[in-house]
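Here is the structure we will look at.
Each chain carries a letter (A, B, C and D) given by its place in the written order, and its residues are counted from 1.
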Amino acid sequence: MEGRLTLSDVEGLAAARMDPYWFAFLQGGAGAERTLAENVGAYGMWRPRQRILCGIESASTHVTVLGHDLGSPVVVAPVAYQRMAHPDGEEGLARAAAAVGSAFCLSTFATASPQDVAAAAPDVVRFLQVYVFRDRSVTRELIAEAVDAGFSAVFLTVDLAVVGARDRERRVTWTFPEESLPSVRRAIAAGATDDALAMMDPALDWAYLEELVASTPVPVVVKGVLDPEDAVLAAEHGAAGIVVSNHGGRQLDGVMPTLEALPAIVDAVGDRLEVLLDGGIRRGTDVAVALALGARAVLAGRLPVWGLAAGGEETARDVLELLREEVSIALHLMGCESPAALSSSCLVPAAR
Amino acid sequence: MEGRLTLSDVEGLAAARMDPYWFAFLQGGAGAERTLAENVGAYGMWRPRQRILCGIESASTHVTVLGHDLGSPVVVAPVAYQRMAHPDGEEGLARAAAAVGSAFCLSTFATASPQDVAAAAPDVVRFLQVYVFRDRSVTRELIAEAVDAGFSAVFLTVDLAVVGARDRERRVTWTFPEESLPSVRRAIAAGATDDALAMMDPALDWAYLEELVASTPVPVVVKGVLDPEDAVLAAEHGAAGIVVSNHGGRQLDGVMPTLEALPAIVDAVGDRLEVLLDGGIRRGTDVAVALALGARAVLAGRLPVWGLAAGGEETARDVLELLREEVSIALHLMGCESPAALSSSCLVPAAR
Amino acid sequence: MEGRLTLSDVEGLAAARMDPYWFAFLQGGAGAERTLAENVGAYGMWRPRQRILCGIESASTHVTVLGHDLGSPVVVAPVAYQRMAHPDGEEGLARAAAAVGSAFCLSTFATASPQDVAAAAPDVVRFLQVYVFRDRSVTRELIAEAVDAGFSAVFLTVDLAVVGARDRERRVTWTFPEESLPSVRRAIAAGATDDALAMMDPALDWAYLEELVASTPVPVVVKGVLDPEDAVLAAEHGAAGIVVSNHGGRQLDGVMPTLEALPAIVDAVGDRLEVLLDGGIRRGTDVAVALALGARAVLAGRLPVWGLAAGGEETARDVLELLREEVSIALHLMGCESPAALSSSCLVPAAR
Amino acid sequence: MEGRLTLSDVEGLAAARMDPYWFAFLQGGAGAERTLAENVGAYGMWRPRQRILCGIESASTHVTVLGHDLGSPVVVAPVAYQRMAHPDGEEGLARAAAAVGSAFCLSTFATASPQDVAAAAPDVVRFLQVYVFRDRSVTRELIAEAVDAGFSAVFLTVDLAVVGARDRERRVTWTFPEESLPSVRRAIAAGATDDALAMMDPALDWAYLEELVASTPVPVVVKGVLDPEDAVLAAEHGAAGIVVSNHGGRQLDGVMPTLEALPAIVDAVGDRLEVLLDGGIRRGTDVAVALALGARAVLAGRLPVWGLAAGGEETARDVLELLREEVSIALHLMGCESPAALSSSCLVPAAR
């Protein structure tokens, strides 16, 4: 590479540098991977409006999420096993997020503990993603540990009652290093993912959400909402926010891409809780479109992890910064001084 | 292959292991193979709705077809000449179906007799597909033989008045082993398929269906309905069920993909007879979509035969079991405890 | 090739056997070749309806065109320079047409004279295509010569006021053998096509059509109508028929594919003159769709010339016969005993 | 190349002959280059109507732009750094434009000064494109210099408040020869583009446009309008014309392709100022479609520069002449004697 890193190239760099087994895990979607592709393609359903001569010196990218002022509207999504992408692991990616003003969400299946992350990136706004095991004490203790370590919200993943049919994962086999998964090491013996997944509770219901909200000292965000009816139920059962998500296309193939699902959900609950979105974020214009349609911020998973895989913390930071810069450029060219100026009137539907 | 079999890979494994002549026969469609492709693509017209926190421990895949409780909603379709895919032949595929609770439908052009199948898989729910020869005694005797061997329904194929224009078959030549086609050996001298096809009656009509229903001690299902008007006629002339089918895209190229045809047919006759569907089934979500639109079960042909070709009875069983598992996963993530909970309100049309 | 010729393979065979210069001439379209591709793709806008149990012994393919009973609804289109495809030339292709009951239309830029064709294929129904030169006597004499040789209609090409921008032709250079173009040898010195084209009249108008109709003892068909307003004008100025045509995508790139233009034209003039269509015919189902939408017959150009190139008269005949057979199969599976039974109610629009 | 140059081939010739760094600069768009591609594809949303027997001897391609009679409706767009494509540079391309009756628009980032261009092509109709630096004297002096050199309009680019995210440019590095950029050499030290870009004013507003119009002795055209609201503002603030443009897809990816934006803009301001368009022009039919939808002329950038790169002034002239000829052919086949005869009734929307 003679020139500089680009967002177009980072996936290829990650592919070249990551262990193929773990790259397959990172990339894969469910079934025929239709939703995986459509999550990306859905941004093409909308066109930002180019506006001119607006007299803007530069556009801010600050947003407020769960009361936190963030310098970038892109939160790092809770991707599992980040140390398999690069030795810098979750700590490195959290530091990268801190450097650009992003928040960082730690996965239950992280290869670093909440304390590790807090120690490495004490200033980053950090959230904890949780899966719920049949033995409820595992999740309870993980949350307590994270809250002690300064994590300020719990993201409850609800779209994994059963694991999706992921052929790329089926094709490969891997073993876990003993030190991995500190967060759930009390729940499972060292061993295969399948063991941990099998211990998860497939039958969570809305009553559980209420219990979790009642017993958790920080806000609870429901991650994995794709249907307006469920968004309303989340609001009614105490969620502080939701993530419009189909688990990155890894669960039920064929479901609506997240961006397509967003407007009806914002209509239904946008005034009652904070609506975030993940899925398919590749460029700053994608972020601008999601925000214009009512998302308060977005989560990006594969893209920053590709950066981590391509060159550790430093490249991850470059990726997050490039993305933030592109959001600023997009806002500027749309005539918006900040995300607050975005609305659906800044977009037009693409002709079909 | 280091890892496990996947539904994405089985077609490639079959291609690598089957005699190219017979693989061309299995794969081919009519004309420019537009309907062949659209049968698969039509599932993309619908999106399953992802629902959350439904409190489901696990989803059942049981359905009732013609009075039989089946553990899987996927019936093995009547594909001809299965021994050309693998020596395990129809007997092996019937045993695979039995192992996962699927029903098995035997082709008139099978390379095993009804008795052979009954002996190999005495517990499988089994149906007989029939073509009608100008010499009606051939079909009559085949039905009698099958009924004696415990076959519990006759599937009358009606979309082959004349054989479609299939270029992949034209390109190759093959000869039949003497022992093949025991079911129709009385009708034809050993020889080319063309001979048998030429002996079939091109001018069947609805009166024939009535006669067949009257003279057959088991239910008659009309296979090859694509038009609501014909579905109504089938109900009026005594059919116990219909298969919405375009012969796997092998007959009249350009006709409607089966999934697209399904809703109007269910509207027209769904309360008068059982509606099944074949064509394009590749994943569990395809099955879930077809059932949500009113099919009682689906037939899959190429997919299980690819399994048979890839590794005989055992791989065919793996394929059918993977498919059944994917149906269960799809139902679970759609918030449905069983196929009975599916309806069109579980889907939304895909944006175009 | 172990097996038999197929309609899918004939283009490739022609590419392999023809002089690349002349193949480029045959294949090319105007501009970005969008209309060239869309002519073929337009058939996908419609779906034939599959009907069953219709009691049809076999389907006839006879149609009546300009008073002639034809055994096939596919007329051989007036393609220039057929001897460059194969030494059998126009005589061979006319004989092939005769063998399957097709009519044959001879190009002004033919490499055989009307008399040559009449002598080689005395029984074929034959039409003459004319371009009009500034020196009107050339066209007048050509028509007289053809009428004397038993040609029973004149097809006046009107969509070549100026030659389209054809890059494939620009890229190559060729020279004409002296013996070519007997029909226009009086008009041009032996030499490049460009000379002949430059001698054509760019400013024909409707008054010319009236004169031509008045002075011609056989019916005049206007070839190159794409707009209903022009179809009405053709009827008003005495045309016996029209060919809905965009010159095979070789003239104004981006214009409507012919099949898309057909219905409005049939609505406008279908009761006043005979409507034919060319463009994109590749399979029997294409023919069936065009006839169902109101074309009395279709013209095919590239397809039979590919056959000629692939193996002379014999392969051209195989191609025309395969196409005729596919029409018969399509009609049979649509439940129509003959082309007369086709109507737009035999089709449904393709979902988009 | 045995044959002649074609518009299909010129991009490939340029790719083969240009320095890869500068070719990447020329080709690239912003983000995922969706708008770059859609600018080209948008012409496919419309179909020219083929008309026949119109009695036209030949079609004129003359248009009037800002009071100038031009022999071709294709203006050469202000592409930066033309000497990097070929030593003939802006002088060569201006001479090529003169030869075919096109106008030539000189970029602020030209590698020739206004005087150089005027000396080389004294008869070409020439316009000056301007970016506005924070130091307003730079732009002021450049305009004065150009007006002195006979440039007859100023095109103010307004869609570059901040530079778009262009990955192809990021990937490469280049250095400027000292002699380049004579037009802005007073503003910047010899050095990287980034320096010059950083000196541009990001916060221009409509008041600036008014000042510019008031202080400029030639008409001011606003280049980079994509929204009808901005078109109205441009008219209200004194623009003599606008260019419907998204900067060749190089600025805000995902915005509307220019042709799609054109009709609403023509509706809004077509009677108040002259509407030009750039983006995606590849063939004469593209020009005809844009003119039929209300553009007075179009600007083409990449296409003539490919010609320049492929063979200097001579090939650039061939490209511009081929394009002009194709416009004439398109008009002729649409039944229009001149651009003035074009209107939206000469088009039909493409079926989708």
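Operating definition for what follows: contacts are C-beta pairs under 8 Å (C-beta built on N, C-alpha and C of every residue); 3 or more make two chains touch, one makes a residue touch a chain.
Because the structure is predicted, anything quoted here is derived from the model rather than measured.
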item	value
Most distant chain from chain C, judged by the mean position of its C-alpha atoms	A
Copy pair chain A, chain B: interface residue numbering same or different (half cut)	different
Length of the line joining the C-alpha centres of chain C and chain D, rounded to whole Å	42
Centre distance in Å when chain B and chain D are each reduced to the mean of their C-alpha atoms	59
Overlap residues in chain B, where contacts from two or more other chains coincide	352
Of chain C, residues touching chain B in the complex	1-9, 43-44, 46-58, 282-285, 289, 322, 325-326, 328-330, 332-334, 348, 351-352
Residues of chain D touching chain A in the complex	31-32, 34, 45, 158-159, 161-165, 167, 170-173, 202-206, 208-209, 222, 224-227, 230, 233, 246, 251-256, 260, 352
